[in-house]
Structures are given as structure tokens and as C-alpha cells.
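The first chain written gets the first letter, and so on, giving A, B and C; residue counts start at 1 in each chain.
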Amino acid sequence: MKKALKNPGVQAFVASVICIILGLLIGYIVLLFINPEGAAESIINVIKNFFTWSRANKKLQQFGNTLSKTMPLLMCSLSILFAYKVGLFNIGAAGQYVAGSCACLYAALAWGWGWLPCMIFAIVAGAVLGAVVGMLKSYCNVNEVISGIMLNWISLYLTNTLLTKVKEVASPYTMYIKDVNPSALLPNAGLDKLFNGNKYITIAVPLALFIAIAVSIILNRTKLGYELKATGSNKNAAKYAGMAEKRNIVLTLVIAGGLAGLGAAMLYLTGYMRWECTQSSVPGMGFNGIAAAFLGGLNPIGAIFASFFIQHITDGGQYVNTNFYSSQISDLISSVIIYLCGFVLFIKLTMTGMINRSEEKKLQKIKAASSEGGDR
Amino acid sequence: MLLLIQYTLIFSSVLTLVALGGCISEHSGVINLGLEGIMVMGALGGALMMRYLGTSSALVMVLLVVLAAIVFGMLYSCLLGVASINFKADQTLVGTAMNLLATAAATVFVKAINTAANPDDHSSEIEYVRARKMFITNINGFEFNWFMLIAVLAVIFVAVMLYKTKFGLRLMACGEHPQAADSVGINVYKMRWSGVLLSGAFGGLGGICYILAGVSIWKFENGVAGFGFLALAVMIFGQWQPIRIALAALLFGLFRALSNTYVGFPTLASLNLPGNVYNMMPYIVSLIVLAFTSKTSRAPKAEGIPYDKGSR
Amino acid sequence: MEPYAIEMLHITKRFPGIVANDDITLQLKKGEIHALLGENGAGKSTLMSVLFGLYQPEEGIIKKDGAEVKINDPNDANALGIGMVHQHFKLVECFTVLDNIIMGVEPCKMGFLQKKEAREKVLALSEKYGLKVDPDAKIEDITVGMQQRTEILKMLYRDNEILIFDEPTAVLTPQEISELMQIMKSLAAEGKSILFISHKLNEIMEVADRCSVLRKGKYIGTVNTKDTTIEELSAMMVGRNVNFHVEKKPATPGDVVLSIENMTVASKVHKNNAVKNVSLKVRAGEIVCIAGIDGNGQSEFVYGLSGLEPLVSGKITLCGKDMTASSIRQKSILGISHIPEDRHKHGLVLDYSLEDNLVLQTYFEPQFTSKWGFLLRKNIREYAEKLIDQYDVRSGQGPATTARSMSGGNQQKAIIAREIDKAPELLIAVQPTRGLDVGAIEYIHKQLVAQRDAGKAVLLVSLELDEVMDVPDRILVMYEGEIVGELDPKKTTQEELGLYMAGAKRDEVTV
């Protein structure tokens, strides 16, 4: 048991579970304050999400919905954790996601491109935005968080302007891809049948999982990962070792931006959602990605489960009793979880400290027993 | 034209107040990326006060609303203080979480009270038409807002505090070289806490000022549209010095004001640009400004580095 | 018996797995200059931390003027009149001298600073003790010597009676050192008690009345400097008779390996160039040392040579090839190895394992990276094990140990193994022995000489006079970014070297 707790992977898992439990607890307390009557039921519904449905078919269908929205979230969280490993806080993932949405929807609706070129275009759009942040960082010393935020807003307004050209006349939403250009919809490849014919389950699901594994391999097994992590851990040593540390920063953000852009394509090209051209705030996907990245212990495989969990409770928000509560309670819970992730280092240190102390005590006992009466 | 000046001044006041908050916090050694969230909370505090205060004289109203915003901002900034000073958490992560949390919490809370008052009301809006009038004096068509005066006073207050008092000297020492401060008996944790709480107060003030700037009803789902981050850009452009921050805020305020008033300028209106272009302007300007000013930054040397008494 | 100003009696301080101070007694008389001698890691700084209340000892007591006192934090120490000039100054760079002096004990009315009276007191003190400073200058603009005087004034302003100097001469020029010695003597004559922490035996012999020696956490003894010799002190410090002289055969220089012509490098700190028009040559089979006081452009010179900083002008040739425009990576591949000045800043990725650090300069070679860009972990492990064995790098978990958790000496050994095993034509070693104990220093000096004997060119940059005199075959002295003299270590003396280093003497050096 103690030996297992010393393992950094196990520690990360335990720390994440603590964050989740505390986050849900705080959410519950908030609900209690608003109205004690339905609080317990509502928080349980948030946790249950699609399990609240009694019919198995419906359950499967809703599970599919959550799953299809998990994939873009996973991409955003990979974007953030990839950059974080290189010492960069890519809060601009939200804007890169927006840029990706703009690119794939515009290409699909205005130019009638097929799904693959649309998807690639989304990746490029996200990557370009990432490159801007990277270049500002490495050549002008601009803090990537601040430039990222500025670009989030710029890309939001730009996207609203551009996508207005492909919106429905009567509503602020973009047109349906399935009506205008069905070839831009991601293929289902038969996966929809596994989820009671949920047509939003597409190749995006296996693709996203594959990319998560690929990111893990790149970070841990390749020369590129070795260089990027060295740059993130000690910029000066990377330069001393002849690595192009400025290029590495730009490259990292290009990759991170591309991941976030791809995430957008994985959502909008399923047709599950449409862009609202009058929206006044940046979609939360990129920000929730931060939660998923940290909750997953900054590990790409951990991010898969963390992303699913975050999306799960976000979707669960719609099952609260709306007579008393609002669905934003999920946002509240996930932001509390992000906040608590700031304490993960402390939790881990405490765990290690506790183990070391108890081991030392044991050691001293053994020593005392063996040197009975003897003076050291 | 008058309208442009009026909006420039009020938005500059917001940016000045919030940037001063950021400046104090960073001088103590803590990067406050949660200003955006603190603004939301300050706005919430002020708006609730306006909603529940009922009838009272203008002076009492202004004082109480300001007080509520300050208190809410300070309370909320404790989240940053606890995490970054006592638990040495990643300040970027915590600040980001605070921004998200503030909007979510304010929305949940306002919706809850709206729904409690009227079961059919699921909006996240608070209205304060009458209260807002008390902050405003109309001088020949120019809406003078008391916050403009408050911002000017705040600049003087912060400048004097930083450069003329014992507190300021000690505060800045903690942001520049906490080990040096500690070695002469200054409690670094205490000073950093003071810095964070003061930045909470100024951030909260900025928040209430922001929602009173142009409208009489606020939808809390919208947050404060990146103003907290614009204020950080103002702070960097102002090189962490109160007077320069005020000047930088005027520039940024002007661009922000243009997006509200461009329709009134025939030359601008005739360009027929989409409104979004003007919305983007402050952010684009701040990116460009940052690109040129960040290279030679005079940021406090120890900012963002958690202070650990043990390691010296 | 006269009471001591401060006494630390039978202090024992343990940390997990180590006894940092084992029954140490230190007694400081009123008005004396008392040296505390010991190697790095001997327990000097732990003892001082106990005196300042940063650590609480498990055993032992502290007495002031004969009465037992309890010191819980630095404020208690301040209240008892104990002040310290730290090795790394505790000064706020963007504040003025005056602000730094008054910080913590600011004279004020209603919270507003009253600087006028403070200024008068500071000026009076600086007059009295000959501590020349400009109270309104900013710390970042003044010389290191003046910064140190600011630190001393900080203690005097607080009316401290017990003054501790932690390795105060490391950063000073010989002139400044002798000035400091004078100041210390005049302070002692005024009745202040001074504790002088050092490992420089000459200085201790010159200025101290008595000297206490620590070794590996244990108290060895206290001697009167009048009655002892440098040899005796060094034997007490190290525990055996040390042969400070480096064994080596006469050099047999071969072809020119490195040739630098008119190199100029800009400064990051001030507007002037840090390196001005420097030309030099290093041949195969010789060790050339660049000597000088810290901050005279040596670091920038190495940065310019290795490519970490761009050149303003100049030409670098390695083995006849022009490398002026080459990248760091190209220089490394073509035969320059670089043991950097700051092993934590440049030399290591502290969060990486030892094995990953050992391939920091070579990870991209086909031996370690496959055609598809995957790291060949097995080869890296084998190579790391080979180096660890060959260079005796000790660590907790072998190749998988995190670099951060290794001792300074073993971190340095790892860097040296990595750089030497690359089989370079030119080995640049910048302060390779900084902060290491005598054993490690000997080891590193042997490695440098071995490289020379293998026909490599070695360029050593050093601040330690002993090292400068013993290791190289040729000394070039750098002063304010220029080479001001070339000396033969066999013919010159430390005094002559000192004159060059201080800029008091200079030759036209032609290469």
C-alpha cells in the first residue's frame, strides 16, 4: 500500500480523486445553500448524467452524445498539457479552438470542401494562432497567457464576423452542414451503430484516442519530446546543448494550436453543434481543457479519462432541477476542480512526507532495537 | 465627440483601477491573473448592494456600493492568496481557475436569487437603473461618473503609498528580493497577503465601475469580456508605475470607447466596417503594444516565484 | 575571565540522514576578529543558520555576554545585535543604497518615510569607518565593493555589535580586499566583534586573531593565528596533508587549435561592451587559463566563444576552420566541449535523469536516436552506465537518478564525463571547481591535465588564485573585457598576478 502510494502515477491519481471529491462536495454545498430540498438529487443527477435515463437505448444514445463532445475536450486538454510540458501555459487553446471552428465551418459551408480538407484547414488555423503566440513569446518576450487571452477575443470577434456570411437568415446560428454540404460531415464508419445509431459518433472518437497515445509517445519516447521537455524544464541548458530553444517554443505552440483546432473540427464537423454568430464569450471548451489536463495529472492517457469526466459532469448539468438551480453549476464544479488542481503539488508532497515520516519512525525503531543500550 | 471623451474616461478609469490592483500585487511578488474574476465578484457585490439597498441618498448609495465591491473583491482575492502564498500553487493555474469560477459562481448565484424571487425568471441579470443615476452627474451632456474621480485619487494614493511610505518600500522589496526583505525582519508572507488583498480591493472597484460604465442592467453570464487581462496589458505598458499606468489606460480606454461610439463619427461610420472590428481593436492594440514593450520589461524580479522561507 | 560576546556551546543539528553540526563550540571574544574555517559542506552555514534562528539545534546552547539566550528567528538575532554580510548580498537592486540600509528599521512618521535623518546617520557612519558610498545611487549601478560597503553600513546602522562576514572576499579585487581588511580591523578596534567565514588561508592569517576549524560537521579546534601556519590550518581543514600542487609534466604544445581574433561581445548589464577586441590562441597539448576578478568579461567571453551570446565582431577559428558563424550545435559537433560556469543554469536539466543529462550534447546522434526520431533507450542506458563507471559518478539510483537529487560534486563529475567523453579538440572549463570539496577539486584538476596530455587544447577560466597558479601552462589576465597580460605560472607570483587582475599593471599582449 505504502509502496504504491510512493509511485508518482498513483499519487497523481489519488490527488485527482481528492480534487474531484472536494469539487463535487463544494458544488453540493452551493446547491444546499440555494435550496436544500432538491440539492442531493440534483448533484447526483450531475454525477449520473446519462444514467438518469431509464431506457437502455436512450442511455446509450446520451452516452454517445457525451462521448462525441469528450473528443474535442480531449484535444484541447492535450493542447494544454503538451504546451505545459514545455513550460508554456496555453490558455490560448480556447482561441485556437475558435479559429479551428471558424476554418472548418467556413470551408464546409462556403466553399463546399470535403471533411478531410476541412479538418486539415481547422488544424492549420489553430496552428497559425499558436504560432503567433509562440513568436510573440520567443522573439518579443510577451507572456503567453496575456497574448493568448487577447487572441481569444480577437479570434472570437473575427469568427463571428466571418461566419455571419454562412449563417441562417432567421437565426444567429450557422447553417446545417447536412443540408448544405453533407460531404463535410465526418464519416461514422459504422461506429454509430454501437451507440444506438447516434450519428454524432464518428471516426473522431478513435482518431482522438489515437492522438492522445501519439502525444504520449512523442513526449516520452522521441528526440522531439526530449528536446521540447528540456526546453521547458531549463531553457538555458537547452540553448547550451545546441537546441533551437526559440524554434522549439514556436513549434510547441504550433502543435498545441493544431491540436485545439483539430478539436473544433471533431465537434463541428459531426453536426452536433452549430456556431452562434452573436455569442459574446469564448466557448468554454478550451478552458475546460485546462481542467481536464491538470485533472489527468498532465498525462495524455490520464487526460482521456479526465476529459470524459469533465464532459460527463458538464452534460450532467442539464439534469439538475431547473426549478431551483441553473446548469452552470457544472461550470462551477469544474472551475473549483481547476482551482484545487493548484494544490496537487502540495497534496503529493504531503503524501510523500507522510510516507517518509512513517518509514523513518520504523527505521528508528529497528535501529533502537538493534543497538539496545548502545550509544551512538 | 463628447460621448467619445466620456466613454474614454470611464473605460480608462476601469482599466486604471484594475491595473493598479495588478501593479500592487505584482510589486509584492504575486502575479494576479485572477483580476478578471475579481472584477466579476466586485461587480456582483456592488450590483447586489444596488439591488437591495432601496431608497437612500446618493452619497450613502455611492459609498455603500463602493464598499461592497471592495469587500467582495478582497474576499475573492483570498483564493489567490491562500493558494499562491501559503500553498505555493502555480499562480497562472490558480488565476485562470478564479476567472472561470467567478463567472460560473456569479451566474449560479444571480440565477438562484432571480428564480427565488420569481419562479419563471431564469436569467442571470441584475438591473440597477435608478442606482446608476446616483453615480452620474450630467454636465452639459457630459455624463460625469464619480468613478472618474475615484480613479484619479487611486492613482495618487498608490503612487504615494509605493514611493513614500514604509509599507510601499517593504512591499516592493518583497517583489524584488524576498530573501533580502526576510533577512531584515520583514514578514514576506504578510506583505504578499497585503498586496493580494489590496489588488482584490482595486479589482473589485474596477469591476463595479465597469458594469456602471454604460449600461443599467448586467448579465453575469458575460463576465467582464477580458477587461482584467487588458488591465494587465495596461500595467505592463505602464511599466508597473502608477502614473504611467494611468496614461496607458487612457490610450487603451480610447480604443475601447471607439467600439461604443464609432457610429457617431461620420468618417468612421462611412467606412462601413463591421462592429466586431471595433470590438477587436483594444485587444489588437494591446498585442502590438506588448510586442514592442515586453522586451525591456521592468517587472518585479521575484514575481510569480512562491517564497519559501526554508530555501535561502 | 572576560565574558565572550557570543558563545555557541556544543551545538548539534541533525538533518534526515546527516549530522550537519556535531557538538560544535564557537566562542567569539569582544573586539576580536575570529575566523571560521572549513570546506564546503563542513557545516559553517548550518552553524550560522542556527545562530540566526533559522534552525533550532537538537543540542547545545547560545550565550550572549555570558547569559543564555534563545534565538527563534532572525529578528531575535537582530535584537541581540547580530548582523551578517551574506555571501550573496541581500540587497534590492532597484532600490537606492539608503533605502536598502533603512529597510526593516525605517524611520517614519505616520507610516511616511523620513529619509532625511536616516541619510545623516548613514553619512556620519560612512565617514567614521571610511565606508565610501553614495546614498542615492541605485544598487544596480554601483560596484560590488560599494554594495558590500552598503551591507556593512546596514549592520552599523542597526548598531550591531557582532558582525559576521560570510566569504566576503570572493567577489572583490585585491585592492578592495585589502581595503576590507582595513575596515574590519578598524571595526574591531572600535569594539565590534567580528566573525569571518572563509576558506582562504592567506586572508585568515592576515586579518584574524583566532581561527576555529570545522570539518565534516565536526569541531576540530581553535588556534591563535600568531601561533600557527598555513600548512597546519589546511591540514586541520582537510584532515590530511594536501598537496595543493598539481602534478604534471612540462607541456608540449602542438598546432594551434583555437584562434580568436578581435572578439567583441556586448554586455547584458551595461551599455559598454563586456569583451573588447580580444585575441588569443590555444594550442594542442596546453592549458591556457583566463584569470581575472569576477565580472571582468570572462563569462561573456565564453558565451561569445560557445555561441550562447552573439558576437559584435571578431573571428573564431577552430583547427583552421572558420567557426564565427557556426551555431552552438555545429561547434559542439566539430569539437568544442564546454563545462559551463553555472551547472544548474546551463549544465544540467535538473528534472531529467542522470542518463538523459549524460546524452544532452549527443542525444541526436544515430547511436541514441533512430532514423524515425525515436530515442534508443537501451543504448542511452548502456552508455550512461559506462560513463558512470568510468568517471565514478555516484548517485542514488544509477542512471535513473534525477539530476536534482545528486550532490554538487557528482553533478559536476557528470558534466565533466559528458564533455570529455565527446573527445573534443578544445575543452572549455569555466570555474570547474566552484563550490566543490578538496577531493573533487583534485579529481577535476587531474582530468584537465589528462586532457592536455592527450593532446587536446584546454581553456580554463578561473577566479581562484591557487588554481590559476597551479593548473595552467599559460595565464592570460582579463581586466574590464581586455587581455592585459600574459604570464608564465612558473615565473610569476600571486602578487604580480594580482596587480594585473586589478588593472594596476598591463602589457600590450600580442598573440
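Remarks
Here, a residue touches a chain if its C-beta (ideal position, glycine included) is under 8 Å from a C-beta of that chain, and two chains touch if they have at least 3 such contacts.
Since the model is a prediction, treat every value here as computed from it, not as a measurement.
With chains reduced to the mean position of their C-alpha atoms, the one farthest from chain B is C. Among the chain pairings, A-B comes first (most C-beta pairs in contact).
With centres taken as mean Cα positions, chain B sits 28 Å from chain A. The geometric centre of chain B is 45 Å away from that of chain C, both derived from CA atoms. The distance from the centre of chain A to the centre of chain C, each centre being the mean of the chain's C-alpha atoms, comes to 46 Å.
Multi-chain contact residues, meaning those touching two or more other chains, do not occur anywhere in chain C. The set of chain A residues that touch two or more partner chains is empty. For chain A in complex with chain B, the residues that touch the partner chain are 30, 34-35, 89, 91, 136, 140-143, 145-147, 149-154, 157-158, 160-161, 164, 280-281, 284, 287, 290, 294, 322-326, 328-329, 331-332, 334-336, 338-339, 341-343, 345-346. Of all residues in chain B, only 164-167, 169-170, 172-173, 176-177, 179-186, 298, 301, 312 touch chain C in the complex they form.
Taken in their complex, chain B has these residues touching chain A: 33, 79, 83-84, 87-90, 92-94, 96-98, 100-101, 103-105, 107-109, 111-112, 115-116, 119, 122, 124, 221-223, 225-226, 229, 232-233, 236, 274, 276-277, 279-280, 283-284, 286-287, 290-292, 294-295, 297.
Chain contact summary for the complex, chain C toward chain A: residues 16, 306, 308, 327-332, 338, 340, 345-352, 356, 360-361, 363-364, 369, 373-375, 377.
Residue ranges on chain C touching chain B, taken from their complex, read 54, 74-75, 78, 84, 86, 90-95, 99-100, 103-106, 108, 111-113, 154.
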